[in-house]
Amino acid sequence: MIDTELNPEHDPFVERIAEAARRPVAIDPEAKARIFAAIRAEPAPVRGRGAWRWLSNPRFVLSPIGSLVLAAGLVGIGVFLGARNRTGRDGQPTGQPQTVAAAKAQLPVSDASVKQVFVFVAPQAKRVSVVGDFNQWDQTATPLVRVNGTGPWTVALPLDAGRHVYSFVVDGRWMADPSAPLAPDDGFGHANSVLVVTAGSAL
Amino acid sequence: MNDDAADVRRVLAGDVDAYTRLVNRYYERCSRYAFRMLGNRDDAEDALQATFIRAYRALDKYQERDRFSAWVYRILMNQCRSVAARRAQRERVFVREEAAFLSAPDQTPNWSGDSDEFVQRVLAELDPLLREAFVLKYVEEMSYEEMSALTGAGVSALKMRVKRACERLRARWERIKDD
Amino acid sequence: MNRTVRTAVAIAASLGCGMLHAQQPGQPDPLFKLDAQSRVQIEAILDSARHDSLPGRPLRSKAYEGIVKQANGQQVLREVRKLFGDLKQARAALGPAADSGALEAGADALYAGVIKPEDLVKFKPGPKTAASPASALTYLSDLIQYRGVAREDATPAFSKLWQDGADDAEFKGLWQSVDQDILSGVSPSTALQDQVRKIPGRGRGGDTSSPSTDPHAHG
């Protein structure tokens, strides 16, 4: 008993938790099959091609359309757009499918504000909105719409220059933007996304 | 492991089935880690899929002098952190609901420590970094040096986190015993 | 035309007519959803902020945020009060030239323990720096809090870049590439070190060479 007080790591309860946690978890064969299907949909990796570098290259300027369907490659939902034959900066096809959860394009509208496009991929969702300091955290103010009833959810909104915190609400669930940095604790149990808009900028 | 390095070379030479073998070799361990860290199968599956896709895409950057398992683990760990960060609110809600559940007199949860559900509840109450350290140490049974190489945190920081995790688990047990 | 290009064209077409306005004129102030006592106290804090030349917008926004996230009056008041204190600290560290975004980013970082006040001062705007450290502080906080980069490695790297005049685009690019590396299996602090070195014209990286040994990091 004294030993466990001095060293909680040897506590029998802790050891029971550890032992139980070491047990294997039941594997869902469907889940595994989905993973293999996703892998098969990928282009084969080839040594030395460094395929994804251009995505994170800060000097890379994408067209507005290009920006819309591209994200920083961060995974939120793990959904594939299944894109092929997209052209890279030099006009050559890149043939790389993307995992896109959210993306943004910034189009200047004036010196004071920048039109911001929010994109969120959630094929199973029924309702998606973006909520943040730019719309007084009103969940009904800025719904996203889905083109053709399928594909990514989008909305365009002019934002003033400055720092904005926001989140998506997806069928009632608060979800951060996987392609944006996260703000430290909001104090209410959520993690917001952050967007810093500089006046007159274009992505 | 020689098998791993050889399979990586085969994949890069165009043999996708070699990647299937690699995934199969690590899938059970990885799904256990993801599930223990994230507490539910949907999130665990998200993290697993993202991990194995990312590892596949980054295979050309994998250096053979590293252990393949450590490399995949780091990807998995960061995916789990990423998934957990983006649903931080669920854990806090869960903890509040847990407290309500415990105080209801006719609910007698299975305190034998054997049920998966119980283990998950208890792990979910730990702060993510403490949980991660606990799982790496006691579920994955890694050495502190391995953990340090994986997380980038110092050995002393990791020892502190494991100790705190165990203290909190012990404190949890004290509260359960008294009910 | 494949499905994705069709979708992209359709999205682009909808942008012209799909714009929504952020303001909802004619709506009552959401603060009135709170109990009167909490509301009055929050409004008193907003007055103090005006008096102290601190931005009221983030405080008001924090209140609205709490309301929509279903916190009660006292919880909202507590968070607004904390933010007010943190904004004051951020102002003291960052100086009078810091804009609202910088103060907010600084306040958030202080609140979460991501940065200490004595490190926040290193992000003061100055003649050599970019206009606002809001981006730098935002990406710094994210890397420390969520991506596993040790504070001891990230803060010196970022403050040096800031003082040397790195701009928003460079910080963003750094963040994106560090995150990509981490997700590809590189250890977080190594990823930062490597990517700092790769920034064109800035690759010095001397400050990030030591691994984290602080036992209180992320405690």
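The letters A, B and C name the chains in turn, as written, and every chain counts its residues from 1.
The criterion applied here is as follows: a residue touches a chain if its C-beta (ideal position, glycine included) is under 8 Å from a C-beta of that chain, and two chains touch if they have at least 3 such contacts.
This one's a predicted model, so the numbers in the text were calculated from it and none came from an experiment.
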item	value
Chain pair showing more contacts of the two, A-B and B-C	A-B
Most central chain, Cα average position	A
Computed distance of Cα centres, subunit C from subunit A, in Å	17
Inter-chain centre distance, subunit A versus subunit B - centres from mean C-alpha coordinates, in Å	21
Distance between the centres, which are taken as Cα means, of subunit C and subunit B, whole angstrom	28
Interface hub residues of subunit A, defined as touching at least two other chains	52, 74-75, 174, 182, 189-191
Residues within subunit C bordering two or more other chains	145-146, 183
Overlap residues in subunit B, where contacts from two or more other chains coincide	50, 54, 57-58, 61, 79, 82, 85
Of all residues in subunit B, those that touch subunit C in their complex	50, 54-55, 57-58, 61-62, 71-72, 74-75, 78-79, 81-82, 85, 129, 149-154, 156-157, 160-161, 164
List of subunit A residues in touch with subunit C within their complex	52, 55-59, 64-65, 68-69, 72-75, 81-86, 115, 117, 119, 131, 133-139, 141-143, 145, 147-148, 151-152, 154-159, 162-163, 165, 174, 181-191, 194, 196, 198, 201
Subunit B residues within the subunit A interface of the complex	11-12, 14, 16, 19-20, 23, 27-28, 31-32, 35-36, 41, 44-46, 48-50, 52-54, 56-61, 79, 82, 85-89, 92-93, 113-116, 118-119, 122-123, 134-135, 138-139, 141, 162-163, 166-167, 169-170, 173
Complex contacts: residues of subunit C adjacent to subunit B	145-150, 182-190, 211-219
Subunit A residues touching subunit B - in the complex, by the definition given at the top	4, 8-9, 11, 13-14, 16-18, 20-25, 27-28, 31-32, 34-36, 38-40, 42, 44-52, 74-78, 99, 174-176, 178, 182, 189-191
